[in-house]
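Below is one structure, written out as structure tokens; the observations come after it.
Here the chain labels run A, B and C in written order, and each chain numbers its own residues starting at 1.
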């Protein structure tokens, strides 16, 4: 009996040693020579391998940074400024900083605002639906609601709201990797600056039809009336093809555009207190095309005067704690009156 | 009996409208004539708002080499030239004519006698066909004059007339075969002269025995034209399948039928060629089948291009309550109508009404790898694999698996027991791959042009 | 204007559904089920019921509570696995053994790989093989077909000791290992006709070749399976067996015997043709079938186990993805010159 045990142990030991030696030599012979710095940089990256940086995974990003020798044109949106600082340290270069960004869904056309004109019965994919026709509503630029963006997200940061049929971004999880932006066949999702305290103002619409047509299809569409462009003192808003656009680099978050927007397409997010709306002036588009009044009957100039100081205040980055508290309760703010 | 060898499906042919003789649809009050009714560049309007136009008058010029002229189908004043939504809701530049009377151009020969004396030369025929704006009436709307002018290095050996009408429910071609058989023959003879071939075969599916008999009665009068009965199998009317069944030749991947010496024309196109060349009549009207089990009547209507489809439905009594889907075309490859106000175009073939039972898709379940999609594909592709690559956006593998051979016939989705939307995704994948291939070809052309300057090798 | 339904073409669909095809398989197995109940009586019925119920139940529980996905027991695939498992087990199998088999078939072989359509190995076969290796005594104890008087006369026709619990194949293995020749094991030869109708002892599904063939015809008519795999399996078994039998009839059983015994027909017609685990194209199917046939005969002749079909099928299941990748059907573009 003991003979067997001795032979077993001996033969396995010899086999093990032999294999270890072979493996060692093979590992040495076929070793891939690589700049050790690449490994160092790779180790501080988030390892999400999401492709948001434009490279094929974190290792490829590290390789490109080290080969280039600088961080020009390289930014990891998932890790953000914190990770880029570490990368810069490892490489011994200046840190690169970028304003954090977040994905923004530029459509608010839920079924109550944007009536369905037909029923879609094909595969549940926005790409298929977009290639088939102009959608099941009167607006051919609006969200198709099949959730390609949700499928594309690796960070659990975007979900369809079953009531509105629109995607909603979970800001804490969004890494601005751009996967949902690429997935949307109608380019409805955009990466915009997160803004101080997560506050931003943008046009939640992509409709380029003339005002009347747009409004008929969706009550919260941008009609290209231009009131916001005139109201903006900072030149941040441009109207192209009947659609307004807010340049997030120029926007100072004063929200005057939100105040004057007749349809509610202009959206301000994460502000603690809503601004009162201005009365709809005669400069608004043809009355025949507006189906219902959107704005509450506001009385006088006094109120608009009062509006100004608040607007100025929210500009300032240092807000008192009360406002911070209020911000936590109010997630978003819609400009259609309650 | 001849048939194609690879794949195929057997939907019920449901030719419930086959006894509806072709009747004229009353002329509309306003005609909406789109500028994009054919493959290629849209036509450019040559009339202005306020102009008075006659029936058959040219109102738009071909917008490029692959394009077609468009002629007015009504007489009246041009009301507007503006974008109008097509059946998918997409805006298409359209000439809207306010109809006044029914005044035709004097040059059009409206006599009912068959003119079988072909006096024009081959080249003149092609020019006449081009002038009259004749496009393929089988659905693809390819400009016929381009098809009749083979690219250099290619020679036509035979002409095939596609009378298969393999789509269920459709009977417009069948009625044309019964009511205008000689026009098909003369049209075929005209095309044969243009192509300089002396062999022509007319392929008809076996489920139309009376049409076969009717056509065969003219074989003795017109030399070189033979009627070939074909087994009933979908998609027998597909160009490549038709060529393979009738000649035994396989058209290669990415190649045109002319590469095997064949030119295929739909029978309605043959009639349009006859009318253009022998009767001086441009293409501005066609026959469409209005059918569906839930419709109170079945019709084959001869109507002018630019007829709004909702008026057609009103004519037959309105859209029935049970009809959930209206299709422009057949149930396998037709387009579901999203905008019923859209007008008919030259190649419109049918309006089909389907009920919920007939068309509502069942719930999708897991692929059980039964292989029925592979058996059904007439191009021998593997749909289960193509959908997987499309979903993962693997364009390389899609190309390696010949996705661009897909003729979008729908056999795969039709047979899949798990109700997987195979063709929906494959279509999208195919479009993506075609984009890449075109980009590659364009880059190659650009590189070839830049060659003397720099020797950079493109992908 | 009413809202129209818009979807991409095609707008109609054939009547094929997964559940209908699975149901057809169950229907095709009804003759075999009837035969097994006639032969073994109530125990066989119990095995069938316990197997089907437990397979369906486990699939429901796993989908509902563990995976929390849509419950798909109405596609009949769990029921098919249940029936096939039951027909692979001896009639006297205890209920707990069947439960273990069901858990292995559904839970391990099917669900862990991703559910219907994703498994690499045939669930019923994996369960059978696992039970065979874990409980060899029970699995090889086949109470002979004398439970019902109707059947005992057939058993005597087949010249097998009906009560010993051995199948014809295990009798061969044992006999050969004891140095007997085939002629000595079966001194009176075989009555093939009775084997065709109501054969020798075996698992519940191996009994009647005729019942299985009736089911085969039904499946072909309903276009549920194609004949390529069963014909390839049987033909290759016949050929391999024939070659060896011609060389030495005293050591090797003859081809007809091999086809009619053991799980040959059951395996070839119902187990090897399982969609999920077999190749998708005709050429691949033939290669698959030949592989199974050859392997089965080799295991029977040279392996330690009397029955080789289950192992052969499982081994070939592993090769199927490779076959699917390299063996393609006729492609239109490749036919062009």
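Note that in this section contacts are C-beta pairs under 8 Å (C-beta built on N, C-alpha and C of every residue); 3 or more make two chains touch, one makes a residue touch a chain.
As the structure is a prediction and not an experimental result, all values here were calculated from the model.
S.K.: Which chain has its C-alpha centre closest to the mean of all protein C-alpha atoms shown?
M.R.: B
S.K.: Can you pull out the chain pair that has more C-beta pairs in contact than any other?
M.R.: The chain pair sharing the largest number of C-beta contacts is B-C.
S.K.: Let me have the rounded angstrom distance from the C-alpha centre of chain B over to the C-alpha centre of chain C, please.
M.R.: 50
S.K.: Between chain A and chain C, what is the separation of their C-alpha centroids in Å?
M.R.: Chain centroid spacing, chain A to chain C, equals 54 Å.
S.K.: Measuring centre to centre with CA averages, how many angstrom lie between chain A and chain B?
M.R.: Measuring from centre to centre gives 44 Å for this pair.
S.K.: Pull out every residue in chain C that's touching 2 or more other chains.
M.R.: Within chain C, residues 4-8 contact more than one other chain.
S.K.: Multi-chain contacts only, two chains or more: what residues does chain B have there?
M.R.: 324-325, 338, 359-361, 421, 424, 427
S.K.: Which residues does chain A have that touch at least 2 chains other than itself?
M.R.: If we look for residues of chain A contacting two or more partner chains, we find 117-119, 121-123, 128, 132-133, 136.
S.K.: Please output the residues of chain C touching chain B within their complex, sorted ascending.
M.R.: 1-2, 4-14, 16-18, 20-21, 72, 75, 77, 115-118, 275-276, 279-281, 328-337
S.K.: Within their complex, state which residues of chain B touch chain A.
M.R.: My answer: residues 85, 88-90, 324-325, 338, 359-361, 421, 424-425, 427-428, 431.
S.K.: Flag every residue of chain A that touches chain B in the complex, lowest number first.
M.R.: Per the stated touch rule, the residues are 117-119, 121-123, 125, 127-128, 131-136, 140.
S.K.: Under the stated contact criterion, what part of chain C meets chain A in this complex?
M.R.: Spelled out, the residues of chain C in touch with chain A are 3-8.
S.K.: Using the touch rule from the top, collect the residues of chain B that touch chain C in their complex.
M.R.: Within the complex, chain B touches chain C at residues 5-6, 9, 11, 168, 240, 244, 249-253, 255, 260, 310, 319, 324-327, 329, 331-338, 340, 354, 358-362, 365-372, 374, 378-382, 384, 402, 405, 408, 410, 413-419, 421, 423-424, 427.
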